[in-house]
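Note that chain A is present in both complexes that follow, paired respectively with chain B and with chain C.
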Partner chain A sequence: MKHKKQIDIFIEGVKRYFDHLTFEEELLEIGAPYLVRNSERLGLDYTGAISITGDSKGYVFFSSTSPLLKYILLGHGASNFSEEYLGDIVGEIANTISGNARSHMGAEFHISPPKVIVGEINKYNMNLNSRSYVLPIRWRRNSAQLIVSLEENEQLL
Partner chain B sequence: MLKQLFGKYRFLVISIALFLIFDIGVLVLNIYTSGKIAEQTELINLAGRQRTLTQQMSKATQYIRAQKLQQWVYQSGLAELRDQFDVFGATIKAFNEGGQTTSAETGAIVSVAKVETPEGRAILAEATTLWRGFEQAISPLMIDVLITDEEIEPASEFIAANNLKLFDQMNRLTEHFTHESEKQTTFLRMAQIGGITLATINFFVILFHFLKQLRGRDRRLEIKQHESDQILDTINEGVFLVDENLSIGGQHSRHLEEVFDTKRVSGRRLSRFLSAYFPEKIVKTALEYTRLYFQSHINPDLIADVNPLKRVKATVAQSSGEVFEKYLDFSFAPLRQENDKRAILVSVNDVTDSILLEEQEEKNEDQVERQLALFSQILPINPDDLEVFIDECLSGFEQLNQTLKNNKNVTDNYDQTLARMFRETHKLKGSASALSFSWISNQLHDFESSIEGLQKQGERKILRGQDLLTLTIQLRQMYESIETVSDLGDRLKAYGIKHIAAQAANALDVSNEKQPVENKRWFGLRDFAEGIAKEENVAVDVSLRGFSEALEPHIGETLYPIAVQLIRNSIAHGVESRKTRQCLRKPNSGQISLSISHDSLGNYRFVYEDDGRGFDYDGIRASLAARGVMSKSSAAKLSKNELVQNAFRDNLSTREGVDQNAGRGVGLSLVWEQVKLLEGNLKIRSVENEFTQFIVDFSMSEEPKEPLISRHVA
Partner chain C sequence: MKLLIVDDSLVIRNKINSGLLKRFDKVLRAKNGVEAIEVVKLVRPDVITMDLTMPEMDGVECIQEVMKVCPSTHILVISALADKATAIAALSCGANGFLCKPFTQSQLTDAIEKVLAIQLSR
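Right after this comes the complex of A and B.
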């Protein structure tokens, strides 16, 4: 259940961002997590990606639809919804996840700075035969996903 | 030092010494010749004066002769003549013997060296002879102020006759001296040219020699530089120097840049450089350890023995943002530089591959052990059954995942989701148990336990999506497990290994029934039942009828879980112990029969029957009350028919405690779900202590039908 501990930390990072944003944690809803084959399409409109190296290796993506990001930008008082601005927001959320993970996971893990991906996630470095966890997120009726793609360093068998 | 000078720099010293000798020689010669020229000039002047004096003496004699009558007049001429006579005489004497005379220019006394040249001496000899005649002729005029005719006449005549001769000889002497002077000058010039030429040649020899040496040295340096560059470029080790200030030197191997994926190495502080790749603790250790090498009193071999920087883990972030873990070995070698300063040669080796290989080997050993254990479970399973089971699992897991995914609305009530998942899992667990595949059935059992835990949690609070994460993680593990099984199955097939059961069956040929490939696993239910019976400490005989014909896959896949669940139920709840059965005059082994039949219209009947104790109505009542479905009194009022219907509720079990075979209370509920899949009717007949019978009627015709459950309780 190592993954559970790690995913809980990532969820906490997401919550921390939205908590800070709205002061209303209850507004953020996380649905039942499910699995997606890495060979299938991953990611919504904009994705903030961080890579993790340590006992578990892999990627954590915060992927969001444009409306959710626009909603956040509106909250910031912005009127410019350009691709760059929307990308900045997912990057910021991924950065919060990364920062939270860094403080909880310790020196055994190395967590990279976030990268922003527009559109489908490039799975160049991912094991296409494996499966990623998808945690559906809803915030003010807009959807996003926390996608966690972890590979154990030790094999199942 | 001298040895060094005359060794390495001998050529230079000799060259410079020669240069100085040439220069000094020319200088000395110059000084000497200049002196000679000055002397010669003096002689020329003196000879020139002698020439003039011959004329002046002639003139004075003529004057005295002309004025002889006027004594007071010729006195001045006489005085001049006497001076001229003295000067001439003294000078010619000096020429002949060396001595003093007055300078022609300044009138001062000058020393004159004896004329030594043969030509000069010959001229002087002639002139001296002639001069003696002059002396004889003039000397009477030197005595008194009064000159007589006897004195002046012969003198005047002699001088008139010889003065030109003497003049000519003095002229020749002057020319001789001039010639000698020119010879001196020419010699000096030649000597100067010779000296300067030699000095110049020497200078160019030195110049070319040094240019050659410099060029040779530069070339050697270039070759050395090129060689060291080549070594640093090709060496398969990260190498760099660290000085006493713990700063990295200017040169390093190219491999170092590859190891740390950076070009920023030279001149950096070691601490800052390492901090980018290692945790603070390791950086501190590295710095403390490096400092030890600069302490002269500690033996370097001793320090090397305690090197803590072996197999240290570095985190290297590439420019692409990707992060790699590397295992590195550091080694240190102290160096003493030319200026007597100390430096440390640090070598870095990337040992990631060998460490990963070691880890992989360890893992492989574990893996081989686990694989062997798994092989021992897979080998007895008929490969066709295994294939069907793998497909069933993959499809079942897909359904479980889909069930999770379908909860679009995060505020969903998860009760139904969990119940659906439980049934699916239970069905799969049944199939796994039927194959005695404990590795998978245990995982499914754990998954069931997790679902049950969440269901209980759901009774206390509203479940949120995040709470189901445990299930998703377990589901992923089960996916991986079944994929591993599939992989092993394929490998077994590839190696042509037949399963043990198949071999055993072929060898003994115990059954005369011809079993179609598709139905083989139905006959495997006998082993499954015997396995459970052993665990429950009872005995059973399973008979199958109608399975010699191939079943349609959909029918087989739907009925099989029903059979599995009912066999579980019969053995866990129905079949009595041998002792009880004897009291009831039943056969020692519980009799379980399964049959399938159909008519020409595609109407099927599946009948399952056991000769056990029948439904435990009191147990159902107690369970209903315990689970809070209804009060005890309400439960007490329920008819047997109603009780049987309630037995099909989720999570209702009459068994205390949970094990692999029963207790979840999901078996009958699953049976009903499967019947619904077939759109069939379920009839149940049960006589206490006699039998329980389940009849599933379904049709494969296209006519619409409604699933129905009916109970017949005797």
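Right after this comes the complex of A and C.
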């Protein structure tokens, strides 16, 4: 139950983020969440990583293909699609979704400033023996993922 | 009037800049609290938009420092930390308004007008 509540909080955060982009109405698809082993290949083109401390420990990642990030940059009025901007926006999305989650997760849900990873994320301080859940996202025919790797997950597997 | 935008995201600094450029005579930018304090000492901005989660020095600590250096500055916090406790902590340190990320340009304009109304009424 706690696990489902946590997933719902992050689904709400993803919806909220995409709702605020100044685009014509575009269907956001969030697929069914699924579990993956951290030892499997994880991560798309760019990933924003937020370290979580406090009552929960672990990471929240927003990982995306480059084309989807370019649309999001356009939604923010940016037309520079350089690596610097793609990395910046993927970090900001991870930060926004994680920060919004705090109002439901409680004041002891502490988030770090974002770090940006290009390519696979598996070597990013993750416990390779543990598992994470993935929320698959599709928007404007491109893919992204929210990957939640928090300690509580293990108790519910 | 002078505006200082403090946010570690380049995209968000640009977005705030484009939304508020016409409202201010001069717009300056800083990517963390340490840079912001340096700018405040030199320029004494009338209004600051302040992110909270930043490297080097976070937003709450930065607001406390700004209040020591330039207490007449008005501060609008713009943060993804949407919980009530964070908003209260920022406001009790000296911030004058709070806007939650993600935000639209019209929400940004409305929030800054409220902060300016406080400033002009003093």
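Please note the rule applied: the second predicted complex is superposed on the first by the 139 of 157 C-alpha atoms of A that agree within 3 Å, B and C clash if a C-alpha of one lies under 4 Å from a C-alpha of the other, contacts with A are read in each partner's own complex, and residues count from 1 in each chain.
Quick note on the criterion: contacts are C-beta pairs under 8 Å (C-beta built on N, C-alpha and C of every residue); 3 or more make two chains touch, one makes a residue touch a chain.
Because the structure is a prediction, the values reported are computed rather than measured.
Superposition model on chain A: chain B and chain C are shown accommodated side by side without a clash. Contacts of A:135 after superposition: chain B is touched, whereas chain C is not reached.
In the superposed model, A:88 lies in contact with chain C only, and not with chain B. Touch criterion met: A:77 reaches chain C, while chain B stays clear of it.
When the two structures are aligned on the shared chain, A:16 is found in touch with chain C, with no touch to chain B.
Once the two structures are overlaid on chain A, chain A sits at the apex of an angle of 70° toward chain B and chain C, using CA centres and rounding to a multiple of 10. Looking at the shared chain after the overlay, A:99 reaches chain C, while chain B stays out of its contact range. Contact with neither chain B nor chain C is seen for A:146 once the two complexes are overlaid on the shared chain. Applying the stated contact rule after C-alpha superposition, one finds that A:113 touches each of chain B and chain C. Once both structures are fitted on chain A, no C-alpha atom of chain B lies closer than 7 Å to one of chain C. When the two complexes are laid over each other on chain A, chain A has residues 107, 112-113 in contact with both chain B and chain C.
Every residue of chain A that touches chain C in the complex is listed here, in rising order: 16-17, 19-22, 73, 76-78, 84-85, 88-89, 91-92, 95-100, 102-103, 106-107, 111-113.
Contact residues of chain B toward chain A in the complex are 279, 315, 317, 321-325, 363, 367, 370-371, 374, 401-402, 404-405, 407-412, 414, 417, 464-466, 468-470, 472-473, 475-477, 479-481, 483-484. For chain A in complex with chain B, the residues that touch the partner chain are 1, 3-4, 7-8, 11, 29-35, 51, 53-54, 107, 110, 112-113, 115, 125, 129, 131, 133-136, 138, 154-157. Across the interface of their complex, chain A is touched by residues 8-12, 14-15, 18, 53-55, 79-86, 100-105 of chain C.
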